[in-house]
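Note that the chains are named A, B, C and D in the order they appear, and that numbering of residues resets to 1 at the start of each chain.
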Amino acid sequence: MSDITALEERLTFKQRFARFFFSQTMLLIFIVLFIAISIASDKFLTSRNFFNIIRQSTVLGMMACGMTIVIIGKGIDLSAASILALCAVVNVMLQKYGYFTSVTTAILVGTACGLINGYLIGKVKANFIIVTLGTQILFTATALIISGGRNLKSRPEPLFSYIGDESILGIPVMGYFLAATFILFGILLHRTISGRKLFATGLNERAARVAGINTSNIIMTSYIINGFICSVASVVLTSRLPRVRVGTASEYLFDVITIVVLGGTALTGGVGGIVKTLVGLGIFAIITNGMSLLGIPYEFQQMIKGIVLVLAVLYDEFNRRKRLLY
Amino acid sequence: MFKKLTIFIVLVFLASFAFAGGGQEAEGAASGEKQITVGFSLPFIEDSPYTFPFAESLRREAKERNWKLIMTDAGGDINTQSNQIEDLVSKGVDGIMIMPVDAAGIVAVIKRVYEETDGELPMICSNVMPDPPELDELIGFAGPNSYLEGKEMGKYYVNYLRENGIDKVNYCESQGTAGYSAAIDRHNGFLDAVEELGASDMFNLLDTQPCDWSPDKAQAQTENWITTYGDKLDMIYSHNDGMGIGIVNALQDAGYSPGDVLVNGCDGQTQAVEYIKEGWMLFTVFQSPAEDAATAMRTMEKILGGESVPYWNYMETPIINGDNAEDYLPIVTELWEQ
Amino acid sequence: MKKSANTIKNFIINQKLLFIIILLIIILSVVDRSFFTFRSLTSIIDHITINGIMAAGMTMLLISGCFDLSVGAVLSFTGIITFLLQPYGIFISVIGGLAAGTGIGALNGLLVVKGKINAFIATLGSMIIFRGLGLGLSDSTPIKGRIEGFTKLGQGSILGIPNPVWILIITYIAIWYILKYTKFGRNDYAIGGNVLSARLTGINVNLNSFLYFVVVSFTAAIAGLIYCSRVNTASAVFGPGIEMWVIAAAVLGGTSLFGGKGGVIGTIQGVIILGIVERAMVVFNVDTNYQTLVRGLVILAVVITDTIVSRRQEKGYMSESFGARAKTN
Amino acid sequence: MPKNSLLLEMNNISKSFPGVQALDDVSFHLNEGEVFALVGENGAGKSTLIKILAGSYKSDKGEIKIQGSPITIRGPKHAIDLGVSTIYQETSLVQDISVAENIFLGRQHSARFGRIDWKAMYDESEALLNDLSINLSPKTIISRLSVAQQQMVEIARAFSFDAKIIIMDEPTAAITEEDTANLFDIIRRIVKKGVSVIYISHRLNEIFQIADRVTILRDGKTVTSMDVKDTDQKAIVKYMVGRDIGNIFGDESYQAEEDIILEANNLTRKGYFSDISFTLKKGEILGFSGLVGAGRSEVVRALFGLDQLDSGEIKINGRKAMIKNSSDAINKGITFVSEDRRIESVIQGFSVRENVTLLLLEKILNNAHLISTRKERELANKYVEEFSVKTPTLEQLAMNLSGGNQQKLALARCLSTNPAILILDEPTKGIDVGAKKEIHTLIKNLAKEGMAIIMVSSELPEIIGMCHRVLVMHEGKGMKFFSKEELTEENLMHAAVGNV
């Protein structure tokens, strides 16, 4: 690798530019798509549509933040969506005891779910895919049992629906939730000790342990945080929907993973970041929204999503190699 | 070490089965000499708010008759369902009721079981009719007629528009999960009704999308429809209440007022009936899971009792609209929010 | 730790799944007389054929260090193509279906091997794409089977044993043989274990890895044929979430998700366990509300014990932190 | 077999990477049946040279002749086909399959219909191993073997390719003197069979044990080539570093202080070691010697909290200390540099900056308790300079640094917390003479300043040159303590193989 070592020092402007250009692939894709769609549909750049996009991507975005953390810790949480569902159900069922109770309980439940995952993966060291696969089924089932699978009626309480419907300074309240989450997670991940330790753990657990990092705690924490943010997302979700049911969330899982990976966070752990995820979310959101604006039939929407995912990652990989040349 | 392992596994199994299955077993033993056992194969509990009250009612009905009821959940997979039906046969039940995951796919297993048991074992379909609907191997069908429901809804819209002297509407259709027969039936039923009433030119389809019976998908979809078509949008034909509710919610967010866009539902869920009261929804078709379950059990009881039953045993699916919403509200509330 | 003691212990530990199966069968037979009959036992096997066949292919792929989320999509897509081609006769339709399904595997292979995309993303992508394409082609409505003989494949039986079971047996013997007695199979372990040396010893890593993807989707395609022949229908929504079931079964059978270890003998045991659990639901008359719960619990229980046991096993001769024996990856 | 019959010539080889001239007009030749040593500091171009020969790189200029005929090597596989096999530092064996299969990987014996003939394969590898008198069962799974044993398997494999040239890159880096002896026997045996060996090692004494001729590289140029018998270690070192660096173990020793800082009683970890007791004084360098697998590394790892102790107690400054995990250890003033640099001591994917500050994160927080980039860079800079880590930028990824610099990085990180006790596991494994000397001096200075140091090393000269006292371990038991005076290679070897 001495070659790379040597060239680092002698970067011409052209090289620096190329380096930047090729490292910001996804951002470029986002911009291109943005322009393309706004040309294709005149409805795209309306404030109402902007509202829709934010509304529709808030929950996904919040979950994506949590997932980013888990994936950077060299894991993945297939139970995220089920946690969302479980919390939503709990939240709605307890609303009759007041919103404070219901929301806090929901958040506690979500965190507890994260704890279960974290304990089994971090401490017991069981395989994370199978564990979260198991808990996914477990949480969904629990949600079903307590909800009786009914369309639970979320009694819209002023403050509560306020989150879902109102807007401040022309930006929906949910938007602020989204922004807050991203900023918070950005700081947590890139500016705190635990964040740094998480990266170390994700890159090389053994070295991290030698460096005095209690890796099993770090991993456990990452899942707990994920559980927590899922529960918060569930509150936002329930505030938006008059009715909640378990099926609600099950679709979200792969979308969330797609978003994170689109952003460029590597499933191999230790590489990635919140900003990347934000870009990923952007791409995902405008594609989904753009397609339904253009009235593309459902089945093809799915297909296009898939194709875009693959192409985007291909293109990124291609540029990664390019990048090494410069 | 291996001992520990074994013990652990055994415990987990027994534990999970015990607390999960214990209840029924006891009940079964309670009754006297000839214990009747019936099986019911459900399609996908998780994804439908309908099947839960339905299952509850089934249990109640079984208790009343002091039957032992074995229910299975196919998790939305037709092959799993076929397997479970065969499992029920191996378990040795006296009769099987089937709510098919897939109308066409279910036929094969029905035929298979019929052959294996030389037609000794009575089977009926419930809620979802097989495709083709008339099967020699099947004793009959019990439940709603989702095709007729589709027609009902079509008819209602046509009449409503004619009464109000509206001669043309631009509408979007929010479908049930793509590929599921209820969705297909309600889609076709609607169109056929419109056809038969010679009102085809009254309805101009803007867009049709499957929203998977899911309120939030329908809500998101509607938000996009509103953005795309704006005031052109006069009516949204929804395949069930869940989606209808999502649609109404989207309309409310977008600052519409009741009646601006005609929305319907199907099932008669509480929220929907409330929306009808408030004028957000035009009407819904009341398909009571309890009644549905009861119909199935009644039919099966007759069959086991040796009575002959007609092939088609339809349940009542009355229309709920502004006029009778008040009266239905307590009924549906009791039913869904139990 | 004593070597001999070790080997005995390992034998038991390695055979733990077998013991579990026997245990389950005993428990179930005690609870329910109708359980321990030829018919009921064969039906258990008969029911796991579809997932089982896919699990065999998946095992091969997992050993090489990759995995495939698109098997469910392959399954349904194969069925759709097969039934769309019905007018051209059984032969063409079946071949067409198999080709289409296997083609998806080839695509995955290319994306992963040539495009260097992470297998998770590549196969997730093609899962979405081909479920979608399936919906599109089938116009979102199930297609009915019209060929007479075709249902025999999934519903007929030879010597009282259902055809799918025969296919299952053949698949497992074939893949077992390939993994043990052919270079193609041995390279699988080499690639999963240490790509570097695999390359150095002149193994064509790219070609092999590509082929493992083809194999897994081929098995999935066959499973797809059986599937739609059993229900004599094809639909894009067939086999929801089946990919996870399949991977779980393989891992349950001791195949490592990170490559280099495993085999189909373990996998079939994993498959059977999950199959018996399904039956147990009916035997114990598990309340529908709890059936999913039980599934989850079982998976968790097995993976936890598996982890604990294998860690105990490790301690016998090597500590993962033993620098001098650090694996090179 | 006639010597001096030319087997391989590499003439005027040049290779440059963007920004560096890795090789500049390097030439050497190799005779049949000889052991040829290639020495030089890291970065001198040794690895580039052999990578070219092994087909991993293409040379910009120059020609390669094998048995007089010029050839171009198209790639690693092609090199092997040409009879050039390379044994790299990291074992390139597949861990979860058998010895026999590793030997015949990619060319398993096949009977009819491509069916693999296991029996034939086992038999032949059995024969091969006997032939080289390597005492291993062909059915053993690789991951159960020690590094030394794995290397022997690799040699057997290379030999089975009927290689004409076997390149060994740092083969003894991770193995003990005894294994080294065995290795040399095997090398001599294969050389008798007409194979030529290109031997690369930083342990110069080995070159005098095994090599016939030596070529010395510095900064990508050939300094000189000579017959080993005409030269001595000092001379070679001089050529390598271009100056006389004197005793590589730094200046003569000095007295340790009297007060005991660490006391370990009957440490036991089942299956690894039992009843290990020792004390450690301030300013003392305590050596752990013995064969690989004797349990030395395990003891220190347990001491550092990486593995769990089953029994035994640890006292620090006379007070009983509970060390459950590595962070406990660090808080109690113990730090640890692992023997496994590539996997354990630095985080390859982290930049130099991130690696250095990993233990200092508390120190680089701003008043909002968030990481302050400015503070971090300052601190990182400080340590990088203090430990003279050679890196273009702070953002350089650790994986792009040379072994020596990575080791310095690891040390810098460990010492950044100025610990009371420093544990070094094989601190100079595979590090060139220059860096070695720097590290040795550093260690001694630290000890002088009163730091207590535990050093695990397989290199007897290093142990002898550095330590005040040495504990020799054998099969998980503490055999004997040796004081400075008793330290001779003989004593240590005897204890190491279990007879006291």
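By our rule, a contact is a pair of C-beta atoms (placed from the backbone, for glycine too) under 8 Å apart; a residue touches a chain by one contact, two chains touch by 3 or more.
In this text, all values refer to a predicted model and were calculated from it rather than measured experimentally.
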When every step has to jump to a touching chain, what is the lowest number of steps that links chain A to chain C? 1
Hey, what chains does chain A share as contacts with chain D? C
Counting C-beta pairs in contact, which chain pair ranks first? B-C
Could you pull out the chain whose C-alpha mean position is farthest off from that of chain B? D
In whole angstrom, what separates the CA-based centres of chain B and chain D? 70
Centroid from C-alpha atoms only, then distance chain B to chain C, rounded to Å. What do you get? 33
Rounded Å distance, chain C centre to chain D centre (Cα mean): 43
In chain B, residues with contacts to at least two other chains: 45-46, 178, 210
Using the touch definition from the top, which residues of chain D touch two or more other chains? 306, 338, 343-344
Give me the residues of chain A that touch two or more other chains. 140, 144, 206, 297-299
Which chains touch, pair by pair? A-B, A-C, A-D, B-C, C-D
Complex contacts: residues of chain A adjacent to chain B: 41, 43, 46, 48-49, 52, 55-56, 140, 144, 148-151, 153, 164-165, 237, 240-243, 245-248, 250-251, 289, 292-293, 295, 297-299
Contact residues on chain D for chain A in the complex? 17-20, 22, 43, 48, 304, 306, 325-327, 329-330, 336, 338, 343-350, 354, 358-359, 361-362, 365, 369-371, 391-393, 395-396, 399-402, 413
In the complex, go through chain B and note every residue touching chain C. 1-2, 5-6, 8-10, 12-14, 16-17, 19-21, 23-25, 42, 45-46, 55, 68, 70-73, 75-80, 82-84, 86-88, 90-92, 102-109, 112, 131, 177-181, 184, 210
What residues of chain C sit close enough to touch chain A in their complex? 111, 115-118, 120-122, 124-129, 131-136, 140, 236, 244, 247-248, 251-252, 257, 289-293, 295-297, 299-300, 303-304, 306-308, 311, 321
Which positions of chain C touch chain B when the two form their complex? 9, 12-13, 16, 19-20, 23-24, 27, 32, 34-35, 37, 39-40, 43, 46-47, 50, 135, 138, 140-142, 144, 151, 155, 227, 230-233, 235-242, 278-294, 297-298, 301-302, 305, 309, 312
